[in-house]
């Protein structure tokens, strides 16, 4: 006899009460143990849920309401602290089960490394999967200080797994020289600094294809997302990010899963970033889950 | 024998010492008791005054100085805590007296509900009043959880009072579906997302008319106004808001009163929002009080 | 198929999965709408749960572990925003059901007014109920600005309901002169400033009696509990409050319910107060639920 | 026609409306320009006034109410930024006028240097003045980096002015070796670390004498007063400071003026220090103004 | 035997170990004693160094790496607290030595006044020096409250020293009417509000000339730089500032020195401003030191 | 040609310029990668150095000045991020070198695990070493989630290494039941809750023995040390901790090394904890290095 949680802040606002007939499943991946600089994203999913109760249920951008989509907030995947190997195995396993049940996976990080096992699991079902990646950072390292499981490696891993030509990065403004060179040499797409304009050019070329979208909140300028571990000046506005989500929604790609990662509440004065994340998730749900 | 307060932070900087020969009267409405999510705007007016001492007295936008306008800061209207009914009566009564004395009323909120009795009082004097409303939110609800006096209802109230066709909302990016529909069906103007461009189109149609301007600080993006109760991503910049104030100043409308509401210091790291509000008020005084 | 929540921060750590065989029920009362000065305690229960995952499960004070007590965290009672009348009715109704099911009610506020309907419901079952009240404030007003439902009135209400002689306040360092006088004239016990020593003197006189304990976190000095609406210097240490909880645990009174109220996360730098509250709740559970 | 300010936060709560029949005058000295480490106390007086509206008007310590004393809050003395010489002249001049009018001067800093001109002015009227000084720091330097007007010199200055034997410092836990030696060699009293116990011993020796009390808020431990420029561990509790104020109130000394300095809002999370300062001022008013 | 400091946060990341063969010298000027409103920039240089360890060493804007430039971080110039006269003498003396050794001076403030002695020293070596100044403020006062050494005077001083026609200000949105008029009358260039576009127009006219660039971080909008003493709405984005640095790098001017001033960590929630400053310094080093 | 750093905040205040003739060596161990709950202590050492410039150089407790002890601040040991194995090897190696050079090692954490390799290295030189451990937590786990290198295991490791009978823990108020039982069964000393009184009883029994003292800042109550990862109510005051340091200084034990760990600046509003840590280090240097 728990109180109904739809507006409690324990689940994302208006979470559907049952898994079975949900189209999409929202889940948290509270892991930040490979983060080198400023950890804290492990608390991201719970804070996003907490502030989601302040969210308006209607999107004037998409003219659609939260009750038009059935999504189930499954809570946070329990991950073993400090063990990235076991953590990514558990995530992959969970996404495998969602894929089997034909659910749209909508993940909340945690650090960006969590996207790697998710994308791997989604690629099993969709062999010609393409990745749309929005981030300040290339995330194309092979390793960080000798460790291949790092929040700076997930895009390299998926690029090697499904082929660099199938990965499209946008808004990148930071990385090692070697990472940019590797991308160039291997035919991976990188749009530096901008998101919306290059995205609009590329979307038609992906028409009909299954696409997974992974958004690192730090693609936003620190003005728009102070609450993340690695703030980096010169980013895009939340308005451009919203428009980019809507551009994907209005295109002919087939979004088959998505995530939003790296929200870190401890650096988030005024809870501005968590609120923005909760609005972005609403638009992702309403625009991409069909 | 109180010390002169012109630069004390207890009044808005350079407040004229007497009410009698002032053109404009600045007053606070420290009420936030109908706020559902994050209260705190009751402390807005006093913090804006406090930071106003850091304000330059000259506007390079308008080439005008504070001493070119005589305004009297009357302090905060004493409002009975927790009682919105009596509070709005007291506000209306006070504005009635300002109208009688031919003062330009320039109000500081407090929650947005405080604008309702002000607009009502101003409309008594100016029967063909138009409202320019800048906000992230429609504020067109008939009630909130059954209560008609709520910070989500003031625009509905004034729209029904003076006719929806006389109300022009700008920058709106949040609201219930029903609110947008009601506006549409009743001929009320709503510009979604943008302020400056649609405003420039509409101003000529209002030439010569008396206009009251109500600005909810959350029309700004959270990057520009973190210090408010309901932050909502995708807003405009402070630069666009300044330009909008100047567009009105340069038009042929007759501004007969204005307010700036919803500044909440507790969420305002670096006092950024209070400082911005104090600059906006300077531009409103210099641009609109003639 | 929700993930197990025992360590998720959505429930108090190690919450038992079922209501039926639980001895105690933990519940939140997220209400702060009668608060005059600094609201925010509505977010107290969820933040206490969130930080409870950092809590050690063993008490070296009591040599007892959380798994020695079966408690069920029921979540937050959904309360109608801004309506104290309906809110307290809903709380009373819920506690009535807990009483019927022979559960130990352990509440988390919210503002102190929420204790009034709880105590009233508990008193139905235990007619000779005594109240132990720890607070910086008397909370003995008849009304606040004419409103009888206020966070400054709950102790007056219960005192009039069960008789002032059955109410024992400790640690009081703030109130109106009239409140102290009313207490004195009506035989109600008030220990000013101190908690532990006077409590030790009074506990033997209550031996065998059913006792409800209501703790306002502001009984602690602001040094120990900055995260509350009404900080008031000169309070007790968290060490004295822990010892007071243990003194009750070691006495012959029969604790039949309890609450901890007024934690307000927005003022709680370093989450110190929420962490303290979560430790206090552990000691209350382990010391008082038998 | 300004609104009544008694509860506005612009004056200390319940400030009497007129200077003429006030017993005491409260005034701010918003100066911090000689501060070497962390400035910010210039904003102390206004924040103390702002939070004073949350203060209970009755003291259960002294069984006295604010309306039992007539005090007038004169606002902040306008001081020329960056010019300590002219600032202290202006302060001295103002206190001279208060002395002439037989007002009890109750000052709010600002940095501790502001106490020097006040004490000098008070000493003109009371030639056998004694000083009670509570502080973490000796403040006995002759100069700081060659500058004799520094917040580390006021006690040296008054000690040389009225004779070191008439100065009694309490709670001192920081200073240069030379300062402690100078005090010893010149017969000035310093109680290291403790306040209440040594004060109780000394008060009888001062019976009947005019005494000025200067309290640096940093005499409190940083736990009790984080909001000050120079936090220094190992200080006293707010409880001990309250008891010390009451000890003076209950003694036979004749308090002829007092101040409370060094509150710096920018470091004051939860406004804990400002709230404590406002309570201390209430007790000083009720205990010392007779 | 100190540990290598290249990644310690005690020096700017990858600082070259020796002064002798360095092309550029980075140094801090931790002075803020003439600041009237909100001091704190004296801690700017050390915080910028601290966060620089999170900086990527490669610039995707300039396709250049930090190891492509040899720069030596000399630490902070020890400045006598509270004494602006001696401080600026010490700064000038130090820059004289850098000029003699043919080093590119790259300074970190501190308040803007520190740029005055630097520019004076650089002008000795380069008689036809031009100044590019980016700021929210004119900084053209002759004095502040009678004091000619103020953070509002450095541009006036250098303009009078090398001739107003050689000074180009960009992004100005605040100042006294007299300052704008003085600039106009004396042929000094001021671009109001904008930086990038007017800069692009002016750079060709400066081709071949030695240029010193002084950037006040408050040229950025408060959204992009909350961590400064004088936040002023309506500023440029960090993206525009980066592009402006790159425009200079790509032009034919000969940058002979530069500084970045007014970062104040105490107002810098999420350390956003310090991180931005560290990125700007990387771009200045990679773009301007050749 | 670096500027002298003695007062720069880059080294602990008044650090001696050379290693060779220093009695003590101060060093940072910026590691927090095994921390389960709230990381951030990796930034502790640099913040402690930064605030140390505000420290008075004389101790009125010990009547000794910093220049009476020669200590060299070596900076932070460069530790490989995310690799606790290699990190503790590097630390041990460094302490070995200090031991060989007869330096008194004074370490700053970082998480508590860093003390393990230090104590191991010190024990090589002093076979009959005893450990004095002050902490809120037992730190006696064999592993955390299967990982033996965790900040909850260092005391278990040293206890097993030198024999549990040689380890004395004080102030412990948190831990698993098994940890307390293991201590009891193996003759290790644990003083629950208190530090000063039990310490005074035990010091005579250690007379003449070499002792290493490891202080976890969380032994302080959260009121006195909010800036740490695991705040736990009911701790001791900074006054008791200072007195405990002085009690050791005044005893006949032979302190041969010490550390202070777990200061985490991100949670440290007002920099209170860093300031306290810097004062504690001064007292440790002046009291223990002879």
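A few notes on this one:
Should a chain be cited, it is by its letter among A, B, C, D, E and F, assigned in written order, with residues numbered from 1 in that chain.
We take it that a contact is a pair of C-beta atoms (placed from the backbone, for glycine too) under 8 Å apart; a residue touches a chain by one contact, two chains touch by 3 or more.
Predicted, not measured: the structure shown is a model, and the values here were computed from it.
Listed here as common contacts of subunit B and subunit E: A, D.
At the far end from subunit E, in terms of centres built from Cα atoms, lies C.
More inter-chain C-beta contacts link the pair A-B than the other of A-B and D-E.
If you average the CA atoms of subunit A and of subunit C, the two centres end up 40 Å from each other. Taking each chain's centre as the average of its CA atoms, subunit C and subunit F sit 38 Å apart. For subunit A, the set of residues that touch two or more other chains comprises 38, 221, 223-224, 269.
Under the touch rule stated earlier, the contacting chain pairs are A-B, A-C, A-E, A-F, B-C, B-D, B-E, C-D, C-F, D-E, D-F, E-F.
Subunit B meets subunit A in the complex at residues 37-38, 137, 172-177, 180, 192-193, 221-224, 226-227, 230-235, 267-269. Looking at the complex, you find that subunit A touches subunit F at residues 33-34, 36, 38-40, 80-83, 144-147, 150, 266. The part of subunit D that touches subunit C in the complex is made up of residues 53-54, 56-58, 60-61, 63, 65, 221, 223-224, 237-239, 242, 269-272, 275-276, 279-280. Remark: subunit E residues 1-5, 7-10, 19, 27, 43, 46, 50, 74-78 touch subunit F in the complex.
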